[in-house]
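Both complexes shown next keep chain A, but they swap its partner, so chain B is in the first and chain C is in the second.
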Partner chain A sequence: MARRPILGLFDDANAAADAGDGLRRAGIPETDVDFLTDTPYPEGAFGEREEPHRLYIFPFIGALLGLTSGILLTSMTQVAYPIVTGGKPILSIPPMAVVCYEGTMLGAILFTVLGIIFESRLPKLKAGLYDTRITEGYVGVLVNTEEAQHNTVEGVFGQTGAVDVKRE
Partner chain B sequence: MASSVEHQTGGHGHHAGMWVFPRKENIAPDVAGKTFSMPSGYKLALGIAFILAVLGVVGFFIRATSDGFGSPGPWGYYAGIFSFVFMVTGAAPLVACAFRFTKSHWRRPLSRVSELFAIMGVVNIFLFIPLLLAMPSIKNPEVQGTDLEVRRTLWFEVPIGAPYTWDILCFVGLALCSMAILWLSAVPDMAQARATATGFRRSLYNGLSGWWYGTKRQWNHQKAGLALLGAFYFMLLIFVQFIFITEFAMSMVPFWKDSVLPPMYTVMSFQSALSMILIVMFIMRRWGGYEGYIGKAPFWSASKILLGLTLLWTYHLFAFFVTYWYGRLEVEQNILKYVFVQPYLIVFLANMLFSFLVPFALLIWNPLRRSAWGPPLAGLAALVGAFLFNMRTFAAAFNTGNHYEFSLSHVPAAVWPDIWDIFIILGGLGIAALVYLLSAKLLPLISIWEVKEGTLYQKMGTLMKGEYLVLAKPE
Partner chain C sequence: MQEGRVLSTREVNRDLLRSILDTPRWFWPVVTVLGLILLIAAIAVGIMVNRGLGVTGLNRPVAWGFFITNFVFWIGISHAGVMLSAILRLAKAEWRRPATRAAEVLTLFSLMTAMVMPIVHTGRPWRILYWVFPYDFARGIWPNIRTPLVWDPSAILTYLTSSTLFVAIALIPDFAVLRDHTTGIAHRVYSVLAMGWEGNARQWKLQIVAGVLLSALILPVFVSVHSIVSWDFGMAVAVKSWHSTVFAPYFVVGAVHSGVSAVAFALILLRWCYGWQDYIRHEHIDALGRLLIVVATGWFYFLVMEILFGMYGREADELMVRQTQFTYWPYNFWFILFVITTYFIPVALWLSRAWRRNLWIMSIACISVNVGMWLERFLIIVPGLINKQLFTFVWADYRPSIFEYIIIGSTFALVTMLMLLFSRVFPLVPLYDVKEGDVLKTQVQIGRRTVPATFRED
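Presenting the complex of A and B:
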């Protein structure tokens, strides 16, 4: 059976947290439940699952690529045009540092932006189930589950004081 | 304009009005209303900024057609005003990042004020290009006598693309990073406003935030992204400032070798950026109707940092000065005389007065620090000081004469601005103001999601007979 979203809207954050508990008791997996808010609530405020992120990997890869490019570029220049400056070796670190640092930073920044876009699953062309009242401070509890379970979910929403329930 | 949002104020005695507590549900529509409205005072400011910008464009074209880009001398004041604008607008986005790192609650109303300067970072790229054109080539085209064959430069051994590509990439990287910070920070606010916005704003908000629903995953990535980009922005900013002041000031004066100037430039940029943010916040609070969002606490807290930066700048200046004062080489004496105590002495003294003496004299007083006007007033002085510093440094550096000389053998005369220089200076200030004023009509001046978040963690509580601010620290 197809999985479809159902959204419960709460005007009180505590009620939304109760709905989360109710959904867990009703056997809805935690991974199917999302809390939509207009501001970041502290970790665990809704009793929700932990959401680890892997964003730090992206700048790390970007920085490595940028650094490698910087080293290659400067060392190849110095080997191709060997000019002895101040009696220092042809391949010396201080003159390479400026370009390497700039390359590293640019790589890290670029890959962080790409990482944010990728990890946030962008671009998202199809609008999801949403209610603009969330921007006014309401809390949305979004459940992405099989249609057969929608009545159970709606029942939990009703018991915990949802002001509105929306389906796709 | 009075604030239309209901709010409570907290604090008693000399802390009266220190904290404000806007009602969470009113924040988004009220701030959106202020962003979309165009009061007459705002139109006037836009008009003045536009006229100044036009004067700048006129001055620039006359300077370019009459003097060309063959010699850096005529572009000294252009470099000065560019440096001043870059100094302030480049460091401003960092203020939001720094106080987010320290998890300071009082920073919430100033976050967007500081991040909006990122848009000026894009304009800075274009303003920087004429400086590249005016910069003397690294290789001496006409070696005479004891002149150097290759000018002293940061680009030792001249890697491929140096200096133009790497210089421009510095500014591109900085603009990219600051714009990414602004976008990531403004996404939740744009998503909230997309339903009420109309016309161009609606298309823009939908395009940039259409995917945002405020899920836990999205908030976590936004938070992590802002932290990472903030760290990279700091690392890149001080590097770009180091490149800029070294390439466009030190390298231009024969034998000027000084390790104190780049950190001094950076400290001054932090001082002037924080000053500018305090001034903008004061204007918003006094005339913009934002008194419901901006209490006295941000001014009070920022004033201590401003005082610290003022002292730090003075320490660097003294370190710089004393190194050359005791320098026994003729060139060291000449550089000291040139940049400090002879042709530009009056500008140097005014720079000292406004960058150190006035802010210090104001900020040591507790009542002034606790007021909403004291820190911005000290900030205004610091900005004047920073302006004079840049004019003095770059007008001097660009007008040393022979940039390929082995060392500065004489003290050149001062070059004062002509009418086109004054046009260019006014234009630089006008363009920066115009871009900021337009940006503030595109994106809200208050970071709505951050102020809303603040309402979760702050309230007034009582202890015995007193009323005090209670802060939650969720992390």
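Presenting the complex of A and C:
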């Protein structure tokens, strides 16, 4: 049977957390439930699952690529202009240090930002079930489950005080 | 420290989106006046480009004047964004919340303005291309690609890119709010910018981790930028007074001093312009004032050390520069004014809690700091160059021309206009950060007292 989303809207965070508990008791797997809010609540405030991520790898990869680019850019430019200035070597390390450092940091930051977007699963090209009241302070409990279970979900939403229930 | 009332989400949206959804009556007239100032400056630049740098007061040996002074000044202002946003975020200072976005945006626009200055200073801006891009030896021009001046654009571009991304990432949740509160073309634009943000637990977790991680990564860049600006001077062999070993920290702390003062003043203006009394409260300005006492005193220490080290070496060239700063008119006047306006006036005002909470007095103190910090850069650059040459008969004074005054004045109009235009399309106070602060706000009973507290997650 097809899986379809169903969204319950709550005007109170505690009621949304109760809905989460009710859904668990009704046998809806944690992975099928998402809590949509307009502000970051403390992790686990709705009893939601922990969200593992690999964001910390991204800055290291970026830093490595940035450092490599910095070394290549500065050394190749010096070699490309082989004029002896003041008896100094053509390939001189000290003038490379700052540019390499900046390259490393730039690479780390660029990759962190890419990592944030990637790990946040953005951009989301196809809009899912959503309600604009979420950015008015309502908490949305989004359940992506088989259609047969929608009545159970709706029942839990009703018991826990949902102000509205939306289906796709 | 928690003042003000807890606001509902609807109230936060209504108040903080007011600058975007409703255009205040004063907005376009003010933007028009600022635009006219920029037009006059553009004409001044045009004349300067047409006739050459001879229309300015620059000469030999004073080849760096108002433009480079202004460049260093705006780079300094740009340090406020990271100082407030990153350091206070890492330190989990609750009062940072309404101030971060304005500080970060001020960073962006002051950096952009700063970058315009060396381009104007060249007098032949299109020749920048010859310098930036490698060119054929056949032209007979050999660039010194090992020059420390190359470090500057690399550091500033890194800082500008990082700060832009820092702002952009934090804007995504606010774009979603705007997407949900607009219609038509604006809705479509904000939908694209929000990238399908829906505010689930994963997205929020990444947003919070991102704030901390980017703060940690951007801080070393922040320190490097003004250090490198100080090495623009420190690496110049010919000017004796530019080699102080404390230059890098002296510049960084000075930048924070002027930048945070500028942010405090900008916040007061925003509060006044958009009626954000519930968000930018006296407690925030008070906290900035207290922070500034520490920063100003740290900066004053470096100032004294810079002078002391310079004098202690007893090098004739260095002593001559100090003599110019302390005894020659008008530099002696500027020097006294600089020390008084940068340290003694503002710190005296900030020592009083009542005065820190008086927005008029805080505005005067913050403007005073920035007048002084502008003079500081001027007094580093110009007296050093006046006495640059070994022989006194090649010493020359510097009298800036009207063109320089116009162009320098216009940079303040440019930053103000960019900030206003930004506030017209993006929220200058981060909505989700303010809402999070309200969610985490609580009260605890300790003995017979009920005190405000904040829940914190590590």
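Annotations
FYI, the second predicted complex is superposed on the first by the 144 of 168 C-alpha atoms of A that agree within 3 Å, B and C clash if a C-alpha of one lies under 4 Å from a C-alpha of the other, contacts with A are read in each partner's own complex, and residues count from 1 in each chain.
Methods note: a contact is a pair of C-beta atoms (placed from the backbone, for glycine too) under 8 Å apart; a residue touches a chain by one contact, two chains touch by 3 or more.
Computed from a predicted structure; not experimentally measured.
Applying the stated clash criterion after superposition on chain A shows that chain B and chain C collide.
Applying the stated contact rule after C-alpha superposition, one finds that A:48 touches each of chain B and chain C.
Touch criterion not met for A:27: it reaches neither chain B nor chain C. Applying the stated contact rule after C-alpha superposition, one finds that A:36 touches each of chain B and chain C. Legend: residue contacts after superposition of the two complexes on their common chain; A:128 is shown touching both chain B and chain C. By the document's definition of touching, neither partner reaches A:87: not chain B, not chain C. Shared interface residues of chain A, touching chain B in one complex and chain C in the other, are 34-43, 48, 51, 53, 55-56, 59, 77-78, 81, 83, 85, 95, 98-99, 101-102, 105-106, 108-110, 112-113, 116, 119-124, 127-128, 130, 132, 134-137, 142. Chain C meets chain A in the complex at residues 8-10, 13, 134, 142-148, 150-151, 154-155, 157-158, 161-162, 165, 168-169, 172-173, 176-177, 180-181, 195-210, 213-214, 217-218, 220-221, 224, 228, 431-432, 435-436, 438-440, 455, 457. Contact residues of chain A toward chain B in the complex are 34-43, 48, 51, 53, 55-56, 59, 73-74, 76-78, 81, 83, 85, 94-96, 98-99, 101-102, 105-106, 108-110, 112-113, 115-116, 119-124, 127-128, 130, 132, 134-137, 140, 142.
Within the complex formed with chain A, the chain B residues making contact are 24-25, 28-29, 154-162, 166, 169-170, 173, 176-177, 180, 184, 188, 191-192, 195, 210-211, 213-225, 228-229, 232, 235-236, 239, 243, 449-450, 452-453, 456, 474-475.
Of all residues in chain A, those touching chain C in their complex are 13, 34-43, 46, 48-49, 51, 53, 55-56, 59, 77-78, 80-81, 83, 85, 88, 92, 95, 98-99, 101-103, 105-106, 108-110, 112-113, 116-117, 119-128, 130, 132, 134-137, 142.
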